[in-house]
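A, B, C and D are the chain letters, set down in written order, and residue numbers restart from 1 in every chain.
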Amino acid sequence: MIIVLKSHATPAERDGIIQRIEELGLKPHVSEGEERTIIGVVGDDRGIDAGPFEALSGVDRIVPILRPYKLASRDFKPDATRITLGNDVVIGGPKIAVMAGPCAVESREQLLQTARAVKAAGATLLRGGAFKPRTSPYAFQGMAEDGLKLLAEARAETGLPIVTEVMSPGDVELVAKYADVLQVGARNMQNFNLLRECGSAGKPVLIKRGLSATLEELCLAAEYVLAQGNRQVMLCERGIRTFEKATRNTLDLSAVPVLKEWTHLPIVADPSHGTGKRSLVPSMTLASIAAGADALIIEVHPNPERAMSDGPQSLTFDQFTKLMQQARAVAAAVGRTL
Amino acid sequence: MIIVLKSHATPAERDGIIQRIEELGLKPHVSEGEERTIIGVVGDDRGIDAGPFEALSGVDRIVPILRPYKLASRDFKPDATRITLGNDVVIGGPKIAVMAGPCAVESREQLLQTARAVKAAGATLLRGGAFKPRTSPYAFQGMAEDGLKLLAEARAETGLPIVTEVMSPGDVELVAKYADVLQVGARNMQNFNLLRECGSAGKPVLIKRGLSATLEELCLAAEYVLAQGNRQVMLCERGIRTFEKATRNTLDLSAVPVLKEWTHLPIVADPSHGTGKRSLVPSMTLASIAAGADALIIEVHPNPERAMSDGPQSLTFDQFTKLMQQARAVAAAVGRTL
Amino acid sequence: MIIVLKSHATPAERDGIIQRIEELGLKPHVSEGEERTIIGVVGDDRGIDAGPFEALSGVDRIVPILRPYKLASRDFKPDATRITLGNDVVIGGPKIAVMAGPCAVESREQLLQTARAVKAAGATLLRGGAFKPRTSPYAFQGMAEDGLKLLAEARAETGLPIVTEVMSPGDVELVAKYADVLQVGARNMQNFNLLRECGSAGKPVLIKRGLSATLEELCLAAEYVLAQGNRQVMLCERGIRTFEKATRNTLDLSAVPVLKEWTHLPIVADPSHGTGKRSLVPSMTLASIAAGADALIIEVHPNPERAMSDGPQSLTFDQFTKLMQQARAVAAAVGRTL
Amino acid sequence: MIIVLKSHATPAERDGIIQRIEELGLKPHVSEGEERTIIGVVGDDRGIDAGPFEALSGVDRIVPILRPYKLASRDFKPDATRITLGNDVVIGGPKIAVMAGPCAVESREQLLQTARAVKAAGATLLRGGAFKPRTSPYAFQGMAEDGLKLLAEARAETGLPIVTEVMSPGDVELVAKYADVLQVGARNMQNFNLLRECGSAGKPVLIKRGLSATLEELCLAAEYVLAQGNRQVMLCERGIRTFEKATRNTLDLSAVPVLKEWTHLPIVADPSHGTGKRSLVPSMTLASIAAGADALIIEVHPNPERAMSDGPQSLTFDQFTKLMQQARAVAAAVGRTL
């Protein structure tokens, strides 16, 4: 890190800062500028909180130099991580994975119909929520374990691996019993106990970016899982919260190439939550592919008008089938398959 | 709610929408405008998700009329809620409560010294974290139950009730054994399982606004706790995330009068997290009082330069003592005490 | 518009609101709900400010129903607007236009070299700034009329039409003498005098979205130009300001399909300003095409390391040439040419 | 500035960067860390654009050390600037100035009534818009010079100096003929030609923070005026645009103490625009005083329900008079007068 001193910092303040750096086993590197003195801290300061330095008398601000995550970074592992599910699904390779299905598991018929339809259209995984984080306590909260059982049944019939959300550390074991991929939702991206528990669950983890999380914080959320020894992590851009209300969220597609530069993890884009509007999902799905996403999350429902959640952003079977055809063309144009 | 139809919606689409409203036991109220048709939905639609209507063919958008929370609203309970702790602490009355203490419990000496100092300066509660939500897995994560025991010891000595954070549903019982007020942190404001668990814990709950949570979502988080039968909830403005980087967060002080209009719950302001800088805490503390806050959270540390977290925003004992004097003058100017 | 009354509004307040509606020549349409009364206002209230209603006693809030712009809307003009420049450039048709060139005109050689290179690679227009809006008064402010003359010279040689920024109402006449398209920059999107002046200039106008402008405000900026009788307006998404600092701005690509639903105007995407980083420009250019953009702005410089502004986001000639090839493939995949 | 090199930067890249620094007459100061090399640039680099360095091969990012403004900074001028208007109004001293009046000048009677009422209640200046920046071209655009004449008449009668907005460089001379303080509105904060023109007008300038402007950008806007030789500049916090829609804008009151640390200029707070709601103006006015504001802008109208703009946030005469009494008490509590 670099410590920038205040313009009127005294020599005593400067010496106090230097002493503190040395106490921590690091080396100070002082540059006296015309207007400001700056002190570089040499050594791996990743485990060291910048706060105490910021609190020292005479300090104007701290500039971090090293990225605060390590296991998630490209510097640490230059090769792209590929996550294999079952015999033939690979996430992070040239083939783009498509995770399709309803927002929530609502019934056996709803789920099985959807699983068959998305399979027929070419989806790679089946998604569906059994535990639903809802803003209001009065909204439908999901079918819980009954939903997980239906997901397992749909997998048994179609062969599609399952991705489903887990909301609480206490539920990780239960969800991991059924799911192929554990999803950590946007509202739980900084639920650190949940991340740690997922790190020990032995299943791949998909972490959705929080509504106001920076990309660096998203990488640090991955670091919580990776640090437990679970190296099968993928990151998902699903829209951030901004002042614009024309869309439910603002899909920050630049996150895809940025994260691919910073990390070796597969990057997922979710144009369904990212826009919140069915009419926008096709164009943003194609844009996600063009931006370089390794996988996509697309909500599909047999009858969106009757969906218990996220109906406005769910595609019908026909719309999804048509979109998959367009998606294949764009994938080919950027040298990938789908 | 009001359903605004698309400008080219057909009569069949309109009738489909009406039919759906009636199916749900509500009454449609159709207004045909020159350019648009709108349909008012009469009845308590609070438990009804707007999504399915938004997904109906011919619908342009849904305009909610009723606020989605009920138990938290002033309409439901016009009188201000007062929360009593022990014999003489009341939050929500004319006396403004001051919750002071370190960000994290670090050691017996650090905590007891601070407890004595803030008590002497006039603080009402002792705050301190035993479970710390940290962005990086490599940062100090708190002393856990050992920290809770130290808090209890500090209470025994000073008589100050304790407010401390709980991060996981599985820890609620443990934390509630020691704490007088359970704090749900900003990153957990939409950790719905945690909120529900706090609703059953029999202790007052302080909910901090999420970094990108709207005030309506904050009220809905309270609703999760209230709906479990726990009516002792207070809401805390602690800064939101914006584009401005001069401060750690942007303290949205207008939230104080807005929430006091909308709800009957006591409102807390946290100028320490809201600014992230010691030099800004005094002026924003005074501004919080002038804005009408019922309580304040102020971080205090015996030696901020050595604090394991949040040193840059912690006051020294002397700074806190001086601030309390200024705060009393402003409280008096707005007809309150401190 | 719809007027939602407060839950405790009195009959006298209700009558006052009704009277005011009638005074304005509109018809009130009252619905008494169980908890709230709402009053629909029937008639074209587009020219009527909602403020006075919001200020009436008993009013909780106003819900606009009609979009506040008219000439820019698809309802008003369902067919897509096509803007023709010279003999063969059409913006808004199946062929995607590429506006390429340096951020700022710096010298004759720099500009002519770039013009030839982008022409050879297939660009449709030449862009370059002669008047530069700079955050700091100490930064390079542009070559002014000398720059315009160089742009005209480059057009004479290459045949590429010119798009260049105008910053002040007093400069519109001068810039229009040289430019084929007048660009209103992001910082001037709500410089209403400038918009009005551009509306009278007889040249097509490209309006860039302000850093924190909603899409509705962008359409209203277009309305200022359209209302002067100039129907040749195109809108440009160039990134908005959010909390995320990994990119210079957050390119909100959903704006492309949203604006195409709302308006008939051609939509431009600017991945150069939208990301601020050269390494991100190619993927976001392809994503812009996949999202449906009618035109692109791409900054190109003979030697980005020596550019006087925006070097970090400028492509070299080779990078641009390579990107154009990839772009053609993606355009073809979505049924367009480039 | 500090230049942080990429982790894999080559010696040739490093040398290229060093060469470039030396070409610009500055001195490089190289620190080789274990994982990264950083190069400090010694000398006043304020006039040097960071862009070209950012564009150099091998550079990861640039960290500015010096603040980019000079004339506006406390380092340059430690003493607080005081702006004197007429014989007895001083802005920036112990007495807090109150700028009160209608959003827009609508008629002679409306303005004179208001001027008398705010004078009687203790206001220091009269505010009122003659040129109104309106989001929609169909909204009331102000009375222009007729409005300015009414303002001058109100001043003649009450003795209150006038603050009024100027929207266009071409209008500066006209507005300066009537006004005591030229206001640059939020939408024009980066209208650099307007700022420059105001710098030559010989009248004090009040610059409102843009809706998404950082505080650093606000200081740079001041720098445009100061650099023309006009040292009478004040800065105004009036709310920024965030995701929260409960208020019209989010009043960022921390801006007051931050700007007072960074600059020597008087700081104004505008709780009327900052909240957009009459019921919130009193508490946020008191909070602004407690936060340390040197002046306040408060909208007052004889009949807010009939106001042509900003009625919902305008106070009645009675409300303003009552607020002034409360404001005096809070000012006294923080050692100031009003």
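A few comments on the model shown:
Here is the rule we go by: a residue touches a chain if its C-beta (ideal position, glycine included) is under 8 Å from a C-beta of that chain, and two chains touch if they have at least 3 such contacts.
Quick caveat, the model's predicted, so the values are computed rather than measured.
Two chain pairs, B-C and A-C, are compared here, and A-C has more C-beta pairs in contact (counted per touch definition above). Relative to chain C, the chain whose mean Cα position lies farthest away is B.
The distance from the centre of chain C to the centre of chain D, each centre being the mean of the chain's C-alpha atoms, comes to 26 Å. The mean-CA centres of chain A and chain C are about 31 angstrom from one another, to the nearest whole unit. In this assembly, the C-alpha centroid of chain B lies 39 Å from the C-alpha centroid of chain C. Multi-chain contact residues, meaning those touching two or more other chains, occur in chain A at positions 212, 241-243, 245. Put simply, chain D touches chain A in their complex at residues 2, 4, 7, 29, 31, 33-36, 38, 40, 42-44, 63, 65-66, 75, 241-243, 245.
Those residues of chain A whose C-beta lies close enough to touch chain C in the complex are 212, 214-216, 240, 242-247, 250-258, 261, 274-275, 279-280, 283-284, 286-292, 326, 329-330, 332-334. Within the complex formed with chain B, the chain A residues making contact are 20, 46-47, 49, 51-52, 54-57, 68-69, 133-141, 167-170, 187-188, 190-194, 196, 210-212, 217, 220, 223-224, 227, 241, 278, 304-312, 314.
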